[in-house]
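One chain, chain A, appears in both complexes that follow, with chain B as partner in the first and chain C in the second.
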Partner chain A sequence: MTLPLTPVWFVALPLLLAFASPLWVRYRLLMPLLVGTPALLLLLAFVLLPEVRTGPLLETIVIAPPLGIHLQLDSASWILVALISLAGLLATAFIWLSDAEPYLRDRRAFVFLLLLIAGCNGMVLTGDLFNLYVFLEIAGVSAYALSALRRDASALEAGLKYLIIGSVAAVFFLFSVVLIYLQTGQLNMAAVAARFGGIPAPMQLLIGLLMLVGLGIKAELFPFNFWVPDVYQGSHPVLAGLFSGLLVKAFLFVLFHLVFLLLADPQVAGLWLMGLGATTMLIAEVVALRQEDMRRMLAYSSLGQIGLITLALGFGMQATTAGGLFHMVNHTLVKLLLFLTAAVLLRSFVSARLADLAGAGRARPLAAALFVLGALAVMGLPPLSGFASKLWILKGFAEAGVFWPVALILLAALIEAGYYFRWIKVLYDPNGDLKAAAPVERMAYVPMGVAAGLIILLGVAPFLVDDLFIEGAQTLLDRGAALSAVLGAGS
Partner chain B sequence: MLAFLDDPKILHGIYVLGTLTLFFIGLYGLLAKRHLLKVLISIAVMELSVYLLFVGLATSPGETAPILSDGLTEFAGMADPVPQALTLTAIVIGLAVLALGVSLAVQYHRLTGKADIARMTELKEL
Partner chain C sequence: MTAVPLRKRVRVKTLLLVLLCGWLFAVHLGLLLQYGLDGQSASMGDALLARNAETASANAVTSVVVSYRGFDTLGEVTVLFLAATGIGLFFGRRDRRDSEVPETAGSPPNEMMVTGVRLLFPVLILLGVYVVVHGHLSPGGGFQGGVIIATAFFLRLLADPDFRLSHTRVGLLESLSGSGFVIMGLLGLSLAGTATFLGNFLPHPVADMGRLLSAGVIPIIYCLVGVKVGAEVAAIFGDMLERGGEHEAAQVKDKPEAE
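Then we have the complex of A and B:
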């Protein structure tokens, strides 16, 4: 019997392995499988790539569309699936190789990490609104549990805050799905999209607002993102890197996928989202200036970059959308690298506060160097990947003749330079009196080195991946093709 | 006397008013109450109102359960089963999240003696 290689494995494999976890404990396979699963998924993504580039892979389980469970792997969702697998691989490799805290290496963490990957993959791939809700809750519940995993006061507080705000978001999202079903009698996204225009305008607005609140909370857009720094500070830095690198990206993708698919004319909604993105970016960057805890500073910086991506995707032109998708990938790599350095520094000096890290660059030269590399990539200095994607976005705006986002993005980059150099200065402070550093496993630098290598590679040779992102943007924006692919031509 | 309830419009109107009231009671509790358990219960109330709205508006008076039994041989005049199946799934998910939330709240209370959201200040701006 041969198992066909289809998109369902991106969800099924981590789910199956997670629920069989007692077996892996018994055979001492927990850590190899934790790293092996995302590695396998990444491999599968690359095996499927040639097929995806010729046309979207549709998979329907049970009945014919619009009934049945429906998964869709196209050029846009492929980018996200590959990114989720890659980010999962780097983070789990770090957990394994750095000999991380025991609570990150036991069975519970194994189950939640794999469920997080399964949930994110499912959200990105699914073509059905109710399945989207289920995957959203799977990813959400595993994220709540992961942030509370350390079980001390700050971790439990982070977990509780995340759970409360996350459940509220899920209720709002469910409400909008219920209204859509009552109005159209459909849950399949393409079938809903075909009838969405027929819904009365006030109801469309209500559905849109409920969905915006639900997904806006999850995707950390202003004004729904007040909880983010608390959660990132209370969770282990590796987990914060995963939330920022993979969970938020999946939600952002879902938000824009729905906007571009459901609305025949996404101009107005896009403009609102651009406004939200710009506000998110500016407020987060300014607040980041005065953060004294590295994890909080990185959380605000992450919010700023998410605002930038929202700004770029909301514009809805091919160049900015492709640039936005590229920036998503870059930001995941960069934030993961920065949060992993934060994990190393936190492990070494027991604190992530600015005052306690003075002169840390001498005790941990490699970690500090990687932090500098990551910081430069966030700011967008050549030849790092942040430069390539920001340039692409700016060029897209300039070619369309819209200049206010260009000014805002450059201003945000200036503020970023301000607070990252403040941290770099402290890390290399010659007068810092440092406590003795706790040892860190050398192998922990391997996943960080891989992330750094990719950042440099994508910065030096962005033409390697140009086509992928342009195809992704075309798929994301081409509503007609998406509809006829699912519903058949002529509908 | 209650025959006017057989009019789907009136019945659905009552459902909408009732569930929206419930939704806003939940929202009020979420925003105004400070005890962790009360906040979690408020979220559960909001969820429940959405389930009620879904099941209520998806059926009309006179429709039967979509089950072939008792001499019924064809699907005519039956309620749409999809909303009920979805609501069941959503109830299970909601219960799981609520259980996780309550267990976290209990652990937090055991550890710190606090159950007040406004006093959760371990993580804050320095």
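Then we have the complex of A and C:
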């Protein structure tokens, strides 16, 4: 009897610990396990890394694909799994170390947080469309409950909005899966991909549209993202950071994974997605200029970055895709850092409104400094990691000779500079005289410091991780290899 | 006439949205109804049916639900668990001492209800257990049987004001069965004979097909699902009823809850 280290642990471990939660309450293990689970998963990801780099890791569950369900850990999904575990680790460590509000530390929050991680991992790993839907629901339902956890008016509004819009999105996605099953008789993604070209063109269009609406809502793309700021404002900032850092990234990955896998020629779909991404980016950045609440401003800034990532991934060239994946990681780190500083400021000064934070930089110098660091990284200033990934994306576009995205990305960075400096100016307002209303645990800065350290490290030495992202982009784009890995050679 | 202008009374945007959704629904229905008329051929179902002897489960649907696509079932159980936890969060009482605190019930149940439930309760439990245990032999299984058991307890809650579901006990049952499911899966992964998550590691000879003790782990997993679904749905009912009680109590008099 052995315990093989396989990808299924990324789902099974959080599920097991979440189900057994009454036990942990009794033995007072809730907090150590909440932090320990993502830490263990991160460790497991690094243990599996050498094996993943030699070839994709396929794990069959009960019977082999295309009949059964399988999990696939390849270079692309590895990046996401590691990112999810890392983001989960930082956020849960903050919840533990900062002695956060009791509602974030009870059994229910434990269950929802672990299942959010399990759901995201499952979505990224699975190779089966219906299984994908199941994990999408797990991640979604945990997110709805998390956003309403505080149970006051704004949190309940956020939860209800998220619940309704999220369920609608899930139904759209389910419809598209139903149509695919009717047309091809398959649910395995690779087997579907092999037959997708045989589906009549109008039906392909309908399936594509349903999928775009379903995943577009979940991944917060432009016409479908009106609900995002309310949800981010109503939830606790740590949770908003998790939504922006982990949930949206998983959905974006699923969207592009499906586009690159199902479509033999993703050019047209990619162009559509690039258009959506560019609009998302510009509109969000412009709207962010006027926001008076820090959480809302961060929500719009997050949307802008999501648009940028969509723009980069939609182009479908190796350089931009690698840059887009890199930017995904950077944005998760940066947004998590910014939302954690927002949590500290909100805790200290009770309000997160611009007018109430004048001079907060002197009462909470460390938090304000980290906010500045995060803001500079979002804008893409050297030597921070945002610079490295944006440069990679811009170079990719320039090499391909397409210049309109370059102009738009630079314009967006300019607008970002505008509103982040507005906030920085207020934080260091010399006339403001703020007294912190509540103390903040010194240990709470540890996860923020780790995030900040990673941002600087990745900015100074991006060559450390270059290969990972290039391999990830290659795997994501190489449709033929993905098909033959699952269905065997000759298909 | 009200002074509200017409454009405020009829929301054009909402109307358009409703029309759009209706059109999409009609298109979808039109598409779906064309299928299945001539019977699907060469689909996944046939391929799975051909392999059904492997699991030795007389009910082929069960071997798909619990074994071949058991991973999905685990996910679905998880979604139900999340829903139950969420409902407990929003409908359950804020300060839950334990269920020992007596609550003012609504109007007392009438005689018909009490007598009827007294007769139905054991029958429903028996039926539920039967449906769960025979999941691999006949139509039914953990989900269906679990809901029947939960219904029995729901009726009991309605008919008997003194009857309470102990949250601790229901929670423990729920967590034990849920962890049991995952542990069965991990056992399948760790034993050399199967070496896959949710693999059927108990002997399941085809000769036994149709007996109560057959199909290896499938009946065990289905019983765990039954317990879990029963506990969760019962907890949902309990939470909703409790909320009603609390609401009325608050209306009758300001009952100090936080003491």
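Quick note on the criterion: the second predicted complex is superposed on the first by the 488 of 491 C-alpha atoms of A that agree within 3 Å, B and C clash if a C-alpha of one lies under 4 Å from a C-alpha of the other, contacts with A are read in each partner's own complex, and residues count from 1 in each chain.
Everything that follows uses one rule, which is that a residue touches a chain if its C-beta (ideal position, glycine included) is under 8 Å from a C-beta of that chain, and two chains touch if they have at least 3 such contacts.
This is a predicted model, so every value here is computed, not measured.
Superposition of the two structures on chain A leads chain B and chain C into a clash. Of the two partner chains placed around the shared chain by superposition, chain B is the only one that A:160 touches, whereas chain C remains out of contact. Once chain A of one complex is fitted onto chain A of the other, the partner contacts of A:230 are limited to chain B, with no touch recorded for chain C.
Of the two partner chains placed around the shared chain by superposition, chain B and chain C are both touched by A:182.
Within the superposed three-chain model, A:171 lies in touch with chain B and out of touch with chain C [touch as defined at top]. Legend: residue contacts after superposition of the two complexes on their common chain; A:108 is shown touching chain C, with no touch to chain B.
When the two structures are aligned on the shared chain, A:353 is found in touch with chain B, with no touch to chain C. Contact with chain C, but none with chain B, is seen for A:122 once the two complexes are overlaid on the shared chain. Touch criterion met: A:293 reaches chain B, while chain C stays clear of it. Of the two partner chains placed by superposition, only chain C is touched by A:20; chain B is not. In summary, superposing the two complexes on chain A brings one listed stretch of chain B into steric overlap with chain C, and the stretch in question is 8-16; the others among 8-16, 44-52 or 116-124 show no clashing C-alpha atoms.
Once the two complexes are overlaid on chain A, the chain A residues touched by chain B in the first and by chain C in the second are 130, 134, 137, 141, 144-145, 148, 151, 175, 178, 182, 185, 187. Of all the residues in chain A, the ones that touch chain B in their complex are 130, 133-134, 137, 140-141, 144-145, 148, 151-154, 156-161, 163-164, 167-168, 170-171, 174-175, 178, 181-182, 185, 187, 229-230, 233-234, 291-293, 296, 353. By the touch criterion stated above, chain A contacts chain C in their complex at residues 1-4, 6, 8, 12, 15-16, 18-23, 59-63, 66-69, 108, 111-112, 115, 118, 122, 130-131, 134-135, 137-138, 141-142, 144-145, 148-149, 151, 175, 178-179, 182, 185-187, 203, 206. Interface of chain B with chain A (complex): residues 23, 30, 36, 39-40, 43, 46-47, 50, 53-54, 57-58, 80, 82-83, 86, 89-90, 93, 96-98, 100-101, 104-105, 107-108, 111-112, 120, 122-126.
Residues 27-28, 31-32, 35, 40, 42-44, 47-48, 51, 67-72, 74-76, 78-79, 81-83, 85-86, 88-90, 168, 171-172, 174-175, 178-179, 181-183, 185-186, 189-192, 195-200 of chain C touch chain A in their complex.
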